[in-house]
Every structure is written in structure tokens, then in C-alpha cells.
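Labels run A, B and C following the written order; every chain starts at residue 1.
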Amino acid sequence: MNLLYTLDLLGTAAFAASGALAGVRRNMDLFGVLVLGLVTATGGGTIRDLLLGDTPPFIFKDETYLYLSLCVSVAVFLFHRNIDRFHHPLLYCDAVGLGTFVVIGTSKAIAFHIGFFGSIMMGVMTATAGGMVRDMLSTHVPLVLQREVYASACLAGAALLYLLHFTPLPGNYASLIAALAVIVLRLLAIRYNWSLPRASHNEHAD
Amino acid sequence: MNLLYTLDLLGTAAFAASGALAGVRRNMDLFGVLVLGLVTATGGGTIRDLLLGDTPPFIFKDETYLYLSLCVSVAVFLFHRNIDRFHHPLLYCDAVGLGTFVVIGTSKAIAFHIGFFGSIMMGVMTATAGGMVRDMLSTHVPLVLQREVYASACLAGAALLYLLHFTPLPGNYASLIAALAVIVLRLLAIRYNWSLPRASHNEHAD
Amino acid sequence: MNLLYTLDLLGTAAFAASGALAGVRRNMDLFGVLVLGLVTATGGGTIRDLLLGDTPPFIFKDETYLYLSLCVSVAVFLFHRNIDRFHHPLLYCDAVGLGTFVVIGTSKAIAFHIGFFGSIMMGVMTATAGGMVRDMLSTHVPLVLQREVYASACLAGAALLYLLHFTPLPGNYASLIAALAVIVLRLLAIRYNWSLPRASHNEHAD
């Protein structure tokens, strides 16, 4: 499915940019920026493949993802001063990446006969685990655990795809619908500043 | 062995509660609380299965663990103000979980023909790695590396089980004895405030 | 190849010492010091084996690595006050470990038919991932992402080995040359205080 592969690469590039930028902001050296770019872009899918027992993971079967992440990270390292200009395009690409990664992860889990909960976990993990490792490597509490409907959009899309899988709808259409659901939810969440409830816990973190 | 499965679920619930509570204390949103609950309850066994090459890990073969962790985490999110009332029951359930997880992890490693050191590592890891990931996700130095005889009780129980494995004692009895050893050691450690020696290093962490 | 195995154990011991020392400095208890020693010495190779699907990882097939790391960590715990005396020998052993780990990781990846980029990643990861987990466990931003030509020496050595693999040079010689390249680069980097460029980002980490 060529469209999905194209969207996948677009998302990979956007995720690599977000990781590399985090490295620049943490004042890391060139190697650190590359590692954060690579991990953010490919970490989620790699952990998914490890859990499914599909080794070596996808990044070693098609090195396009690695070279693309590398090039984007180097570009961010060199031109990070101008990156504000790309703030909006990056947000859109990031949303496209989110939708694509959720669909790829969930579909793969279904193909490996994982159940409902597990398939949704795989979809959400494919889209968010790379960013969580990025935040752990820079000793920040992962953003995705703290704010916005980032993960919820993934949850909704993954659940939708799992259910569509039992309808006579062809797989390509189901994937497209689920990916669009994630992307639209994510963009609406940004626009209207949605957020999930927190437990109203007043003490500071101990 | 039905008793072991029951104890396993009890421990899973207690571990999920401890993870979800950490998420509430770090002021995470609902999704963050769920992730911390799930990771704490199932992370140790998942890492064990990855290391043994037994993929997909147990949580995807029997989704009971996932649903249970989810329900407990949601309950903690909603009713965390009343959780102090359950402080003592939670400590007991946590100790039961510790003993059960050690026994399950060590037994599985022995069944996979892992050696003495490796089997003990697997037992300890099954019981403690979930909590370590919980602490890393909330950017705290893992508690288990710093205080109390938490890990040592696991070490002792795992070593005991490995050795009992060479005696004519039936497996069920060996498991029960080892689990009880962990639980009793853990409860004694809480009661008498035992702790492991530290290197008397006076400089502050750099 | 007996020389490689000897160098491997030497590197393992040096890495275990660096991990255990980090644990002592973070004021961890004995268990924490052991975990940090073990993880630093064996974590990189373990992650490599997981990614290659070669489970259980090498540490469970030859427990020598585990016992060696354990003994070194206990020694550091007991005698850390005298460790300054071994500062220079430790730096040399660490460099030897770096070179050896890169060569072992890259060779294994080539044997598993991983491509150019992936094989280099495996080599670098074998040598550096243990230290990264050590730093994450003690909630520090991994040193290797921030300073010195530590990782670059690994990158150069891994790329060299991959290329030598296509020449008629016997494997043993290629390994030796690549390991020496890493070791010499690393020692030169220490001596002349080389460092990688950073993006000149003036804001503090947010």
C-alpha cells in the first residue's frame, strides 16, 4: 500500500525532527541529537516488533527509516534556528505520523493474532513509545503522560481499526478511516486545547 | 496451579495500584495514570518474557492481567483520596505479589534452562522491573535501588527455589515455600525497618 | 578467538566498575550498586541480542559475564575509597572494552545479515547502551549524549569493520584493526580533550 508507506515516511521525518529538536534544546552534542532523532522516529515500532517477536525489527529490514531519520536530525542540528518557521507544517506532519503509526501498529498486532486490548496497546505504543524514550533519555517525565489528548486520539483510532476489522470493509479503507480519525482528533485537540482530566491531587510530587 | 494464578492476580492488582498512585502523585492525566498502573503491574513479566524469547509476552496471551490492571488504575484515579484507608491491605497484597512474581519468574527461567545466576535475575526482575520502569517514567531514581530489603527478599526466595528444584520436593510445594519466604522476609523488613548497607560515600550525587 | 574473549572480559570488568561507582556516588544500597554494575557491563550486549532475536541473550548462555560483573561491583562497593588509585588503569580498560564491544556487536550484526547502518548501530549500541541505561536509572541525562568523542570513536570503528568485511582481510585481523582504531581514538580524545560540536542553543533546557 504505497500511500501508507508515504505517510509512514512523512511521519517518521516529523517524529525525527521533534526528537532532534529536543536534543538541541537539551544542549546535546551532534551524536546526542542524532540518537534522540532516531529513537523518537523509530523507537515505538522497534518496541512493538520486539514484543511481537518479529526480530530483527522493521528498521533493520528497510533501512530507509534510519537514513531518513538521520538526514532530518542532521538538518535540524544545522538549521534549528530557522525551525520556528516550520512550526505549523511540523505539527501537521506529526499528526499524520501519529495516525499512520497507530494504524500500522494495530494492523500488525491483529495480523499476529493479538487480542483487543493488546492490539490497541500496540497501536498506541507504536505512535507514542519513541517519544517516551526521548523524554526519558533527557530525564523529563514523558509529555504524553501529562497533557493533551495525544494518546487518547491514538486509543480511539486503534479501537476503531480493531472493530472495523470485523466488518466487511476492505482493509485499506479501514486503515484510512482510522488514520483520519486520529489525525482529525489530534488537530482538533490542538486547536481547542482539549485535555484529559487529572486527579486533583494537591501535594507536590514527593 | 489455581492458587498461584489467584495470588498472581492479587499481586498484579496491588502492583497496578502502586503504579497508578505514583501517577496521581506526579499529577499525571488519566492516560498517564493508566500507563503507570499497567507498566508497574506487567512490566517485569514482560521484560522477562522478552529476555527468554517467549514472545508475545504473557500479557498478550491472557489479557486478564491487562483488564485487571486497567480497572484497578481507573479505581485509583477516581478514589485516590480514600486510598490511605487501604494502606495496610495494599502492603500485604504487594508482599504477596512480590513472592508470587519471584516464584513465577524463577520457575519459568528454570524451565527455559537458564543457569543459577540467570534464573535468580529473572525472578528478581519479574518482581521489581515494573516498579523500576514506573520510577524511570516519573524521573525518580528507582526506589528498589535505594532502600529496604525489598530486592533482597526476592533474591533469597529465587535462590531458595532454584536450590529446591534439585530436591525431590514436588514443584508446587517448592513454589509455595519460596513464595512464603519472600513474603515473610518482606513483611519482617517492613516491620523492623531493615535496610541494606550503603557505601558510606559523603559527596552528594554529582 | 581467545584474545577477543579475554579483552571482552577485561572490558566487562571495567564497565561494571564504572556502573558500580555511579551507584556508590548516587548513595544507593548494595543491591542498587550491583544492579548498576551489571546493567552497565551487560546491558548493551543484551539489548543487541534482543534486537537480533538471539534469545536468551549472551549473558544467560555464558554466566561468566554475570559473575565477573557481580564480583567487580562488590569490590567497588567495599573498596570505593581506594578507587582513585585505579583511575588511569580503569580509563585504559574502559577504552579496551569500548573497542572490543564495538567489534563484537558489529560482527554479530553482520553475521545476522543486518545492513550497513544497522550493523554500525548494533556496534555502537553494544558499547554504549549499558551506560545509557545506567544514567537513566540514576536519572541523569546519559553522558554519552553530551560530551566527548566517546560514541564517535565507536561509530568510526564499526564503520571501518563493516567495510573491512568486504576486503579479503581475514576476520580476526579486521576485528583487531577496528578495535584498535576505537581504542586509539578514545585515548586520543581523552588526552586532547576532543569534543563534538553542539548546536549553539542559548536557552536553558526547559
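By our rule, a contact is a pair of C-beta atoms (placed from the backbone, for glycine too) under 8 Å apart; a residue touches a chain by one contact, two chains touch by 3 or more.
Just so you know, these numbers come straight off a predicted model, no measurement behind them.
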(message) Using only Cα atoms, superpose chain A on chain C and state the rotation angle in degrees, rounded to the nearest 5.
(response) 120
(request) Report same or different for the chain B and chain C interface, where same means the shared residue numbers exceed half of all residue numbers found there. (result) different
(request) For chain B and chain C, let me know how many angstrom lie between their CA-based centres, rounded off. (result) 29
(request) Pull out every residue in chain B that's touching 2 or more other chains. (result) 50, 53, 136, 139
(request) State the interface residues of chain B toward chain C in the complex, per the touch definition above. (result) 50-53, 112, 114-118, 121, 132, 136, 139-142, 144-147, 151-152, 155, 195-199, 201, 203, 205-206
(message) Which stretch or stretches of chain B touch chain A in the complex?
(response) 23-33, 35-36, 46, 50, 53, 55-57, 59-60, 63, 66-67, 70, 77, 80, 136-139
